[in-house]
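Got a structure here, written out as structure tokens. Questions coming.
Each chain gets a letter, A, B, C, D and E, in the order it is written, and its residues are counted from 1.
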Amino acid sequence: MTRLNGRFTLRRGGFLLDTAFDSAGPGVTALCGPSGAGKTSLLRCLAGLEMPEAGTLSVGGEVWFDAERGVSVPPQRRSIGYVTQEPSLFAHLSVEDNLLYGYKRLAPSARKTTLEDVVDGLGLKSLLPRRVTNLSGGERQRVAIGRALLRSPQVLLLDEPVSALDVAGRADVLRYLRLVLERFAVRSVYVSHDLREAARLANEMLWMEGGKVVAQGNARDVLTDVHLPFAELDEAESLLDGVIEGHDEQMGLTRIRCANQALWLTQVEAPVGSSHRVQIAARDVSLALSAPGAVSILNVLEAKVSDLVVAPRQPAQMIVRLDVAGHPLLARITRKSALALQLQTGTPVWALVKSVALAE
Amino acid sequence: MNAALDLTPLALSLRLAAVTAVILLILGTPLAWWLAQGRSRVRFLVEALVVLPVVLPPTVLGFYLLQLLGANGPLGRLWSLLDVRLVFSFTGLVIGSVIFSLPFVVYPLKGVFEKVPRAQLEAAATLGAGPLDRFFSVAVPASLSGFLAAGVLAFAHTLGEFGVVLMLGGNIPGETQVLSIAIYNHVEQLQYPAAHALSAGLVAFSFVVLAVLHFTHSRTKAAT
Amino acid sequence: GPAAWGADEPVRVAVAANFKQTMDRLAADFSKRTGELAPIVSSGASGLLYSQIVQGAPFDVFFSADQDRPVRLEQDGLVVPGSRYTYAVGKLAIWRPGRTWSGTLEQALKAPDVKVVSIANPAVAPYGVAAQQVLEKLGLWAKPPFRVVQGESLGQAFQFVATGNAQLGFIALSQVKEAMSAAEGTIANEVLEIDSRLYAPLAQDAVRLKRSAGKAAVGRFLDFVRSPEGRAMIAAAGYAQDP
Amino acid sequence: MTRLNGRFTLRRGGFLLDTAFDSAGPGVTALCGPSGAGKTSLLRCLAGLEMPEAGTLSVGGEVWFDAERGVSVPPQRRSIGYVTQEPSLFAHLSVEDNLLYGYKRLAPSARKTTLEDVVDGLGLKSLLPRRVTNLSGGERQRVAIGRALLRSPQVLLLDEPVSALDVAGRADVLRYLRLVLERFAVRSVYVSHDLREAARLANEMLWMEGGKVVAQGNARDVLTDVHLPFAELDEAESLLDGVIEGHDEQMGLTRIRCANQALWLTQVEAPVGSSHRVQIAARDVSLALSAPGAVSILNVLEAKVSDLVVAPRQPAQMIVRLDVAGHPLLARITRKSALALQLQTGTPVWALVKSVALAE
Amino acid sequence: MNAALDLTPLALSLRLAAVTAVILLILGTPLAWWLAQGRSRVRFLVEALVVLPVVLPPTVLGFYLLQLLGANGPLGRLWSLLDVRLVFSFTGLVIGSVIFSLPFVVYPLKGVFEKVPRAQLEAAATLGAGPLDRFFSVAVPASLSGFLAAGVLAFAHTLGEFGVVLMLGGNIPGETQVLSIAIYNHVEQLQYPAAHALSAGLVAFSFVVLAVLHFTHSRTKAAT
């Protein structure tokens, strides 16, 4: 699939973006990092809106930028959709015409989706004839996403695209986004401050700091590496791949087999036998030395401690990496508990998983 | 001679003002866009240059243009090879008016072009619009009031213009005698009633046209 | 294009602004009498008309407000040799609106309520030069007891008075007739013609331009202007004839 | 303290804001609701930027708006600080001059804080001389917050003020905000899509939908009312008031007595005996019928089921309201577990609390 | 007459252009602000009205102003009670120039004023700035290029203006004989070398001033 790789050197006042990256895909690459890390700057370089002093960019083997050879494909000839951090809709056009702006500029054969589909998926029906200047913040963001999708891009750049949406709206939009990205095999770089949100979408994660990508890799590994900044976040979580084993229609639950064990989650519409990824928040994982009795916790996994560190910013907490039949699983517990349980690398434990969610 | 009833100068003036405004918008727009959005370091020189036609008295500007474009002028000779006469003709009036009203088109346009949000131009680029497409689909609609201002000033200034037109046109009735010259002639000849009638007509007509234009524009703005 | 001045083209006349109305009448009369096309009359300041002619303006004859510009055109070789002649000699007058004339020129100029006097700009208008000469002769030029305002043309000098902004103005006698014909009402008894010895003669020359060669109507029109009928019309407009 | 009450009728195209509200204070009132509910519109009415067709507004007894009597105090004479959803900084001013804009316009006696304090609190030091046009999204938001705080307002209106900040930055800003709001007894209305964030700050919550405030009340009660939309959210949580009983320096933990029981949380810097509020996410609460054995869960509370409903949008989940010695506590468990535990109103249970955080 | 060396007309022209530009900015700014941001429904009428001075030939406009402001005109009489003469004086030149260049100030200013972000004005209001304060602290700095454009156009147009000034000023050397009239006189008298010298001087001088202005402005923009 579309591989994104290259390096950029871009100086803007006191800030220096100076980083290499190589993201093989497929799917979504999450781009995270503190405010001012250079996430937006990197996206702008990818989009061709900044002209780095040095560097290269190749997308799916095509060279989009090469400072030395003087190559720079202009933005309009890069197949990108870019949802900027602050949506910049065309003030003189209606919502509908905003949505169609990129669409109209595509050869019909290059159009992968339709206005109807996007409007339905993002719940924009009632907004179509409206002017964009008096949309609410969340409405503006959804229009911007729709506009970028209708451009049917090869690469979709999303800079906190749902920050102004309420929880329910955000879930709806992300669900639709995931669907579209998969359906059309779009590569996407997704900036988010919400790690759970990012993890739900991403195959791969980049962590930026001070203008540099400092950590990068498969989302499952990066997220559960206790030495990387993800693990210490409140929202730290693990991803496990599994296969649906069955549904409990009556209870509305689905059983999924992950790491050779059964996990229950809220029923999903998916056939038995299909592969899925689940995400488990580190804070949702408790540890016990013996199999627990009657608790409301549905999922109990046999595991072994494979790594543990004190959380750098919260010294009362420990981050524990578990090995569940070869799959990494993060748990966050208090140091007091860890001491009481006398945890160390190799200790066999029961992981009590409070909540399991489907990641894809 | 009852020139008050002779409508040829009025028709000529309107034609001249309209043609001039259109040509100026066509020429002034790319220039203003370049001044507003270009990256060249010499833009400030061009900005200064554009204004120069109006620092000279119109008659004097007309005099120099006559030297340049006339039968003995360098450009005049060149064009006469093509059997085109640049002066003492409608063409001459247009050339003179265009040069003389240039800053009144370029400056207002540049002013609004500078305010076209860069984010919107960038958004258009990422949505597949090339520079020209961006200009027409984003910059122009965002700058309508600037175009209106530029057009109105060019039109009005050309209607009232007198010195350049007199010099380059030669005040030939039916050919280059525009309304402003006709009114001037009446005043000069002490034919005050005729002058008043033409002036009042011109002012009233202009007022109605301008008011309608502005009213329509304000409706459009409110509607979109 | 050049084909525009074919034989059945009307005569194109460039005329100094102060003679425009008279020329309009001459042209109309010429056409009425002969059945020919009425000449097309373009007016302007003599100096500007001169520049235009040098640059190839499509004029057949030039009626200047002075002698200087026609002479210059002669020197420039743009004139049919021998065609220059004095078609009119202007008469200077003063106009003091609002009162029937009495007393002398000097008394009028020195009246205490004369605060502003308008003249045509001596730099550009022969009538202005004449007015200056009159004021000089009367010793009122260097330190006048009034302000002297200058109009760019005779017309403007007249307007300053007509609008009441000047209490007295030096105008052309021909303007008195014009003002009457323009329904301004008669101002004849508010006007005093100035003794022509106080200023150099205001001879106005006309020339036939070389580019009119082959256009027979031009000769016929010039003949008409020089004919007794034409001369009568010029005299009636307030001009003297070549002395 | 400053009581905000009134009602507004404002028509904008097809949208009708038509609601009454009465918020006694003190402290923060959270304003939540789906995208397009009218949250921003309501704030704009409070700020005096919209002119409702009908209605009144009184703030701390002062009448700021009364359509019938034709009273409308203009925005500049309302003592408000307003951080808008999309920060609108002054493009021609430096960061420092932006911050000082409102400050300079105050009588020195009315200034409650200083540039230094705000700059330190929001980490803006290095940005001061910068022009605002090339700030990153998160930097812009912090400057906007600082600018509003330096106006030393009586009422602070915050429209998703930290949506563009990363998790750590967000926590820092909210901590500082809480401090300032308390120190200067500022009344605040806080729009947020992140309920946990809102709950951490708010005493009172308003829920808007379709231009109306549909639920309103004390944050503790509103949040734990299983019939209100809050409880069904992923982020649903409970607030408990307690007193610090002691610190475990070695483990870095603090013991707090809530509802007559002891809870452990990450050590906080607060003297023994001081009152605090803790927040407990519903998804962090598991239920057991008997006291559990050795688990990593530190906090186990005796409780009684006082109410339970199926989560409206996730029929596989149940929302359980517990009574912990008279204090409400929410738990979210699967229906399967609920059935297994045979929960009903009155069932005595043990609440296993995975994580406790200080709310204020 | 060696007017080429007489610098009085130049000094007068510069003073007139400067005074006119300043007055126009002072008068035009509130008018443009009202047109851009006001809510009145009759704005379109005023927008049309503002342009009318330039649809008349300058000399004719001057003629009517002379009637209005002159000794027998309604306004002239009024002012003469205060012993102020409105015509044939520097005051007259200023009045005429102000009226004649009004649209060239109002339109560019209105153009940029319309683009002042409403969100920033609202932010200023919530930060305690009243309408006037908002205007000066937000709208003006955001509209500097508009002020520059308006000032430049007013200045340049006044420098070159000729008809109105002539009519209202009366071409009194040392008092109301501005440079444009002086140059015109030279051309009319066929004193071409003097005309060329003055024109070249005027154009060169204007070019330098304008270029410096625009250069400084572009630096300021880049710096802030």
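Criterion: a residue touches a chain if its C-beta (ideal position, glycine included) is under 8 Å from a C-beta of that chain, and two chains touch if they have at least 3 such contacts.
Remember, predicted model here, so these are calculated numbers, not experimental data.
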Under the document's definition of touching, what chains do subunit B and subunit C have as common neighbours?
E
The chain whose C-alpha centroid lies farthest from that of subunit B is chain D
Counting only Cα atoms for the centres, state how far subunit C is from subunit E in Å.
35
Roughly how far is subunit A from subunit E, centre to centre by C-alpha average, rounded to an integer in Å?
60
Centre to centre, by mean C-alpha position, how many angstrom separate subunit C and subunit D?
90
As a quick test, compute the distance in whole Å between the mean CA positions of subunit A and subunit B.
56
I need the residues of subunit D touching at least two other chains; which ones are they?
86
So which stretches of subunit C touch two or more other chains?
48, 51, 156, 159
Subunit B residues touching 2+ other chains are 59, 63, 187
Write out all the pairs of touching chains, ordered by chain label.
A-B, A-D, B-C, B-E, C-E, D-E
Interface with subunit A, subunit B side, in the complex: residues 117, 119-120, 122-130, 133-134, 137-138, 141-142, 224
Which of the residues in subunit C come into contact with subunit B in the complex?
1, 12, 14, 17, 20-21, 24, 28, 40-44, 48, 51-52, 54-59, 153, 155-156, 158-159, 162, 175, 178-179, 182-184
In their complex, what parts of subunit D are in touch with subunit A?
12-14, 32-36, 40, 85-86, 126, 130, 134, 136-139, 142, 159-160, 163-170, 193-195, 233-235, 248, 251-253, 264, 266-267, 283-284, 286-290, 292-298, 313-317, 331, 333-341, 352, 354-355
For a test of understanding, state which residues of subunit D touch subunit E in their complex under the given definition.
47-49, 74-76, 78, 80-82, 84, 86, 88-94, 101-102, 105-106, 131, 147-148, 151
What residues of subunit B sit close enough to touch subunit E in their complex?
43-45, 47-49, 51-52, 54-61, 63-64, 103-104, 107-108, 110-112, 114-115, 145-146, 149, 152-153, 156-157, 159-163, 180-181, 183-184, 187, 195, 199, 202-203, 206-207, 210-211, 213-215, 217-218
